[in-house]
Amino acid sequence: MSAHGVTRRLAQADVSIPSTSSWSKLPLIGGGLAAAGAAGSAAFGLADHGQLFFSYLVAFLFFVSIAIGGLFFVLVNHLSRAGWGVVVRRLAENLMGTLPLFLLLFVPIAFGLHDLYHWAHHEAVAGDPVLAGKAVYLNPTFFLIRGFAFLVLWSAAGLWFLRTSVAQDSSGEPCLTRRMQMASAPMTLLFAVTVTLAAFDWIMSLEPHWFSTVFGVYFFSGCVVAVYATMILLVLALDRSRLLGNAVSIEHVHDLGKMLFAFVAFWAYIAFSQFMLIWYANLPEETIWYSQRWDNSWRGISIFLAVGHFIVPFFFLLSRAIKRNRTLLACGAAWMLFIHLVDVHWLVMPTHHREGFHFSLMDPAAILFVGGLFLVVLGLGLKKQALVPLKDPRLSESLAFENF
Amino acid sequence: MAQAVALDLDPIEARPQLIAGEQSFNAITEAVALPVEWKPPLGWWIALALSSSLLGLFGISIAYLFWEGTGIWGLNNPIFWAFDITNFVFWVGIGHAGTLISAILFLFRQKWRTSINRAAEAMTIFAVMCALSFPGIHVGRPWLPYYMFPIPNQMGMWPQFRSPLIWDFFAVSIYGTVSLLFWYVGLIPDLATIRDRAKTRVRQLAYGFFALGWRGSNRHWQNYERAYLILAGLATPLVLSVHSVVSFDFATAQLPGWHTTIFPPYFVAGAIFSGFAMVMTLMLICRVVFGLRHIIQPLHLDRMAKIMLLTGTIVGYAYGTEFFIAWYGQNDYELFAFVNRATGPYAWAYWTMVGCNVLSPQVFWFKKARTCIPLLFVISIFINIGMWFERFVIITTSLHRDFLPSSWDYFRPTFWDLSTFVGSFGLFLTMFCLFVRFLPMVAMAEVKAILPIANPHHHAPAKTH
Amino acid sequence: MKPKAATERPKSFGLVAQFDTPAAIFRACEKVRDAGYLRWDAHTPFPVHGLDKAMGLKPSRLPWISLVLALGGAATGLLLQWWTSAVEYPLIISGKPYFSWPAFVPVIFELSVLGGAAGAVFGMLFLNRLPQLYHALFRVDAFAKVTDDKFFISIEAADPRYDEQKTRKLLESAGASLVTVVEA
């Protein structure tokens, strides 16, 4: 308790990845995984490029959602002037620092438009007044311009916040914090609009007739669940390797667990609202999306998602004791990441496999490929700078933080 | 030692002390207990007289409604639902800020909330009372509202649980009950304070009865704090659910402009937005009238303005998304409903709504605006107006253009529509006047607990150990 | 005879000591805890951070009461809607099944919140044995400040380690600004 009044300082060496640590090999490991994934995708994908692109889209969305979530974490921390989260913010900054990678990874989607999106077919649009009506918006050129524009915006914002934060590690200038706080408010506004449109474009338009106004919020809630789960795993793993110099205590882990719990509930709230309203009004143009996910073996996945993404984790994470137990919380976070992947799969795949759930070896291959590259960029970022913002003005508040 | 003090302050914004003035527990007690113990000033009597006359108007309007029926309102064929439901949604929304401040900001450890949470919670309860009076009266037949309770009628029929209107009744009445419990739990220690300071036997007995014999026991505090935390944890999803369920009243229908999946979160954001505006309006008045400037400081107003900016912008986001999807869905009826909102006969109401709700809070991007008290007051009134219009626009514009063009019509409120609405403010304000007179309007125990001297490890700068 | 007369005097409730700052009561609580007293309490105008630990209190059982009642509320909501809509008076409404679970979720949720909240509030009162409008401590005039700005420790005479002289000494050495006997 008397530690309250003592300002602790962190040395760069205590919170950096030494070259002897296995963490420094993360980019290499990632590279290996990506190579394996690429080989696997090539081996299976040449025969069935429809499946290849759909598997790739799932993998892309899964990992980009973590990166988008990282950006959100950083924005909210600055927006709310939060003190407690400073010690873990650098990890979120590193996750967000992978955003430029997705600019590159978006390129294959440009080549797969024809396989992925029904509206990209000229003849389909010509014979369909609804699609013809939205062709001003849903056309390949504008779609790609938007997609790249969103990614450029997020990457630029991500890099700027990361660089500014790292610059503070050496200078300790409080004005940098002030600048980031100033920028966070308008950026949050842009973030909300772009993430919504990205969700509409990349996922909702897979079924070009279907629409749901809350869909952007649904995708957003998934991103946030994903980032908190990832953060918990990263924090616990790095702390186990003693790379966080005791900066992160169980109190911070507990708080991350609470946020994960809150967003598990938020996800369920949005998912239920969307489902219930469409079920209740029973308009065919809307119910079709759910009946595709209910009328055949997708029903099993739908139920699994409801149970695994809400009911089980809700009661699991409700317990304070579990949120303060590193092993159990890590299990919960890993489960949430897995079930988030199931969620993304469930959003995308029924378009390709209308007949029912289908597992393809290209699914894990695409995950390995995108995930491997993600780990390369993340690993390089983690190595490059301290794992904790060393001279953030609110660092001592964060270090002393305690739940009541 | 200096470092210990520094921890209480923020290095970036020099987070100011949340409570200005003399830093002692007794000073807080004195300041908060004063309005409960003094002879109220003339201003209070004038306010009470005005609000109770409005309450009288409310009573007369309801009595006449029961005598005559809903024909006294301006309802017509496609618009069977207008001011009654608009007022209901408006009042439920006002209540939401109280729960946000007392529960959600508590969970987010926002200590500044302690200056305003008591009054905001009181506001919640009074707003829910106003809200619930509308479902009670809106059919003009006071012997029928028991249909809302799970009681079978004379034919053995039960309430229709697949109807959102029943969900709504459950949601709002449980919301009122839980808010009352939450508020009362918070009041117990402060009622004990008033009891212990009582100069007359009547006051001692009256406050003593409701204080339940509270004696500040730490064994009690332990359970008490746990109860408070649980209540906050329950009130947070509850407040989200209440306005979501209100939005289901509309969104489960197939009417263009009502049936849209973003309604639940959008209604919640709008509710918090309107509630904060009302808290702002009332707090700006109270801090002046009751001399609480050192407890409700510009800092609190600044943060409330930020929340209004945030929620107002979320509401703007929802307006935009709805409009975009109305076009994107390529459904003629849906698109017509939205174009008609913006350009049809109710365009004046639509643009009032957009101007007040989306545009006016944008001035809060500037710190100067967030601390300029006259401007805060004006904008908070604008938002109150705008949020009432939001519900009016949603309800009336979607109804007045029926699927059958032959039944298109225009709703004009009558005197009794307006008098019922204005009268409901009488109920709200009368309750509020009584509240500030008889109950401590700032949560004393909670404010004391956030003073730097309340920390047992706080080192007073003057003393050395 | 004399010693007997002394014991026949009305027994006191115990001792109450006044402290002036949160820091003082915090240290005093640690001392009383370490001295091994069991039937004692601290009284403060607001919850003092960390005092539970300083007193050595076990965690509250309240969350369990609340959880059980919340689940009870949920079960009530489910059974009520299932029985009235699907069993007692089944009626087809807008072509939906009698047991339309998505439509029943809102009421189930609201009732579980009601149960949980009632459990938290009434469970808290039950665990605290409140309302208890009379208490021996209210006889001490200085104790009225407990809801304003003073801090107290009360040690009951029923405590096995209680000894008026020794206990008083302990409280005084712990920094009490005032120690009085509380009459029963």
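Points worth noting:
Residue numbering begins at 1 within each chain, and the chains themselves are lettered A, B and C in the order written.
Operating definition for what follows: contacts are C-beta pairs under 8 Å (C-beta built on N, C-alpha and C of every residue); 3 or more make two chains touch, one makes a residue touch a chain.
What you see is a predicted model, and the numbers here were worked out from it, not measured in a lab.
Arrangement of the chains shown, judged by which pairs touch: all-to-all, with no pair of chains left without contact. Ranking B-C and A-C by contacting C-beta pairs places B-C first. Note: centroid distance chain A to chain B, computed from Cα atoms, is 34 Å. One finds 30 Å separating the Cα centroids of chain B and chain C. One simple way to say how far apart two chains are is to compare their mean CA positions; for chain A and chain C this gives 43 Å. Those residues of chain A in touch with two or more other chains are numbered 1, 276, 280, 404. Those residues of chain C in touch with two or more other chains are numbered 49-50, 94, 103. Contact with two or more other chains is made by residues 225, 237, 248, 457 of chain B.
Partner chain C is touched in their complex by these residues of chain B: 24-26, 29, 150, 152, 156-164, 166-167, 170-171, 174, 177-178, 181-182, 184-185, 189, 192-193, 195-197, 208-209, 212-227, 230-231, 234-235, 237-238, 241, 245, 248, 444-446, 448-449, 453-458. Those residues of chain A that touch chain C in the shared complex are 1, 272, 275-276, 279-280, 282, 404. Residues 1-2, 4-7, 80-81, 83-84, 129-130, 133-134, 137, 174, 177-178, 181, 185, 189, 192-193, 196, 200, 211-217, 265, 269-270, 273-274, 276-278, 280-281, 283, 285, 393-394, 396-397, 400, 404 of chain A touch chain B in their complex.
Those residues of chain B lying in contact with chain A across their complex are 1, 3-4, 6-7, 10-13, 108-109, 225, 237, 240, 244, 248, 251-254, 259-265, 313-314, 317-318, 320-322, 325, 327-331, 365, 457, 459. Residues of chain C that touch chain B in their complex: 21-23, 25-26, 29, 41-52, 54-55, 57, 60, 62-63, 66, 70, 80-81, 84-85, 88-89, 91, 93-94, 96, 100, 103-104, 106-107, 109-111, 113-114, 116-118, 120-121, 123-125, 127-128, 130-135, 137-138, 143-149, 152.
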